[in-house]
Amino acid sequence: MKPSIRIPFFETAVKNYIYGDKVLEFALAADQAAKKYDIDVIFIAPYTEIRRIAEQTRSLIILAPYMDMLRPGRGMADVLPEALKAAGAQGVVINHCERPMSLTAIKKTIDRANELDMLSFACADTIAEAKAIAQLHPDIMNPEPTELIGSGSASDMSYVLETVKVIKEIFPDIIVEQAAGITTAEQVYQFIMAGSDAAGSCSGLLNSKDPLALLDEMIHSVKKAKEDIKKQKVTG
Amino acid sequence: MKPSIRIPFFETAVKNYIYGDKVLEFALAADQAAKKYDIDVIFIAPYTEIRRIAEQTRSLIILAPYMDMLRPGRGMADVLPEALKAAGAQGVVINHCERPMSLTAIKKTIDRANELDMLSFACADTIAEAKAIAQLHPDIMNPEPTELIGSGSASDMSYVLETVKVIKEIFPDIIVEQAAGITTAEQVYQFIMAGSDAAGSCSGLLNSKDPLALLDEMIHSVKKAKEDIKKQKVTG
Amino acid sequence: MKPSIRIPFFETAVKNYIYGDKVLEFALAADQAAKKYDIDVIFIAPYTEIRRIAEQTRSLIILAPYMDMLRPGRGMADVLPEALKAAGAQGVVINHCERPMSLTAIKKTIDRANELDMLSFACADTIAEAKAIAQLHPDIMNPEPTELIGSGSASDMSYVLETVKVIKEIFPDIIVEQAAGITTAEQVYQFIMAGSDAAGSCSGLLNSKDPLALLDEMIHSVKKAKEDIKKQKVTG
Amino acid sequence: MKPSIRIPFFETAVKNYIYGDKVLEFALAADQAAKKYDIDVIFIAPYTEIRRIAEQTRSLIILAPYMDMLRPGRGMADVLPEALKAAGAQGVVINHCERPMSLTAIKKTIDRANELDMLSFACADTIAEAKAIAQLHPDIMNPEPTELIGSGSASDMSYVLETVKVIKEIFPDIIVEQAAGITTAEQVYQFIMAGSDAAGSCSGLLNSKDPLALLDEMIHSVKKAKEDIKKQKVTG
């Protein structure tokens, strides 16, 4: 059975901004905030840190940044899905704009993730691409215009609403996250209030003055949005 | 300063034949034999297992199977050299036939390894390619005709002697290992006696009936060859 | 304005089965049959033969087998869209299984083709992939299960009907061709009668005993199917 | 038998700076100057223009910008060596910095070129890479520091002398050309006088005010250098 994930959630990644013990420190802070606010947090970890983070945290859903499609056997330097799972990864990022994949590879990687009960977290650039990948039915989608990634400019609200709508028209059970360009806890709150199932931040967090404090704030914002949505429904 | 390595040594890798705890078990056995016979052992580990093996072994020289050339920053799924080193890797495999690299990338990866005091372990296919890569001055070379890899047929002795000779003519301090097609401890002994600085085995070991026993035997063969070469010198 | 294409049509390619003057000879035969039966024929030509075929034929719609997305300027060995058009190509194949493309590249190549009034002819492997690419709205789609290509086994009829249906549900104006595994003129007839907008053959033709005769027969079959469909409508 | 080439020669390419009829016009001008000054000229042409240029010129040695290693058969969009030769290409560029190749592919492409009596023209970036590729024994080498390509800054004279020397130490019969950053006819003269077997220019020519006039001047400079070297030998 695939790991369950509660909506709305928060997602973060470290890419290569930090490495080694700093990644563990960041993961521990995310884990602590996840517990404190009772919010699910997806943590995308470099291959080398997956096992250690899996062993030392409790509330994170750890994803690998990529995986190959091969099966156990040969393959020097290929990233074996079974090896990621054994190390503690519960899912995998697919088609990140910094690691674009062929359509056939995207399809096969989603199939391999399903086979191993791993979450498939697929990125898309334009709205047209989001619709294309939605047809392959990944578990989670993260549509983000490439030009915003790492830029400090958030996706505008109309893009958020439009992508959520078109993806769910194809498969209503695909979880839609918004991440590109988020730099403040306020944006996290706004995106979720606007209808995103989740919000995420990587460079916005890691390039900030106090990443650990901002991480706590952002996860707190998810909590706040969750409660405010609940209130709206009650009063609505 | 780069890690020092004593000649003759043994090298092994697991590629994707095994994963998870089986890799650790194999690494622990290699570590034990390395101590028992006082022979250096290079262990090429999947990214996900590097840290754990580094923490739980003492006598292995751990290599990553590949690395990218980027510097800390962006790069989802790219393998950062600094992250490998922080996890415990002391070197990196370059241009394995299952992960061929452009000549420019080979050069830059050797430069990055030098910058980080990591060993560069470069593979080559034909004798002509071995001479080409030797010009880039990696620390260790592993010339192996692609058609033999994973085949169970060892490089023939004339190939061994020829590659050792042509590589050392270019840079006498390049360490030359022979690995392709080795399946028995006797071959390990013969290759080192024939003039190879080291011998290695991956598929030959992992596809054998009792890999842990054969691993011990092969490392024992390195020890035996080392002693016999010393005797030859004394009596010679 | 994009070249217009009349349905049903025939499509053929030579890949690298033949080269040089043999490609011209094959193109001239296709051109002759196109005129004789008044049927449009798409001819996918190697880069080196596009100009000569364009100059010496009248009834073919010539496609390039691939193009890059760059604009005029640098780029040694990149295939410039403007250069293809100047040579006489009226369209381009996208994502052939022997040249898989990233989703982003597929999107951008369709955009570049539109910009230059070139036809976009996109290949897809599974039905899921066909639906994904349909979202990017190419002009023509050629869904063919990879395992059938070059095999001599035609797509089964249920696959034909299903792919035509799912693609047209997304954009009714996408032209859907069926090509994988076609080796006889009878199959050409059947696929078009079953609802395919076109039929194509490459290896089936070129590996046959008398390719030029079979080419004529296949184009004749398109003509026959076209007339029989017209009759059905009249009598229906 | 491979095409013969007289030293010193001139080399030019159009990359994608121009396309279609402008490429033919440029090739015709190169052909005319080649005849006028009785100097051999290598012309690297886009795939689509090779045949037309081969048919309409007499004194050019036409090279393709790249080729794949496959043999006749499948391979949509792959560039078949036999197809290039049939179209009129007499050689091929290997490992241009805008199309880097794996070491194994470089080796195999040189082998394929030899098999078809095509000239292999290999590019290298640093001096170390030039020495590496020299080991694979291409017919012609064009060592050019990547940072200079298209920049308008010529390789400095010490780089020229050093690369010629190290390459010829490995195989004295490799022809060594200098091309990076050449923008004036005077540089062409100087490089050849300094010991380069040839000089080349692409962006320097095509970005100049009057490319056809400069092309004539550059080829004239090769002629002048050739005569002055002859005089030196007589008087020396």
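What to note about this one:
Letters A, B, C and D mark the chains in the order given here, with residues in each chain numbered from 1 onward.
Keep this in mind: a residue touches a chain if its C-beta (ideal position, glycine included) is under 8 Å from a C-beta of that chain, and two chains touch if they have at least 3 such contacts.
Predicted model only: the values in this text are computed from it and were never measured.
Steps from chain B to chain C, taking the shortest chain of touch contacts, total 2.
Distances between chain centres, each the mean of the C-alpha atoms, put B farthest from chain C.
Relative orientation of chain C with respect to chain D corresponds to a rotation of 180°, obtained by superposing CA atoms and rounded to a multiple of 5. The centroid of the Cα atoms in chain A and the matching centroid in chain B are 37 Å apart.
The centroid of the Cα atoms in chain A and the matching centroid in chain C are 39 Å apart.
Centroids of chain A and chain D (each the mean of its C-alpha atoms) stand 49 Å apart.
In chain A, no residue reaches two or more other chains under the touch definition.
All chain pairs that touch, listed by label, are A-B, A-C, B-D, C-D. Considering their complex, residues 95, 97, 100-107, 124-126, 128-129, 131-137, 146 of chain A touch chain C.
Contact residues on chain B toward chain A in their complex (touch as defined above): 13, 15-21, 44, 46-52, 65-66, 70, 72-80, 82-84, 86-87, 93, 96, 98-99, 150, 203.
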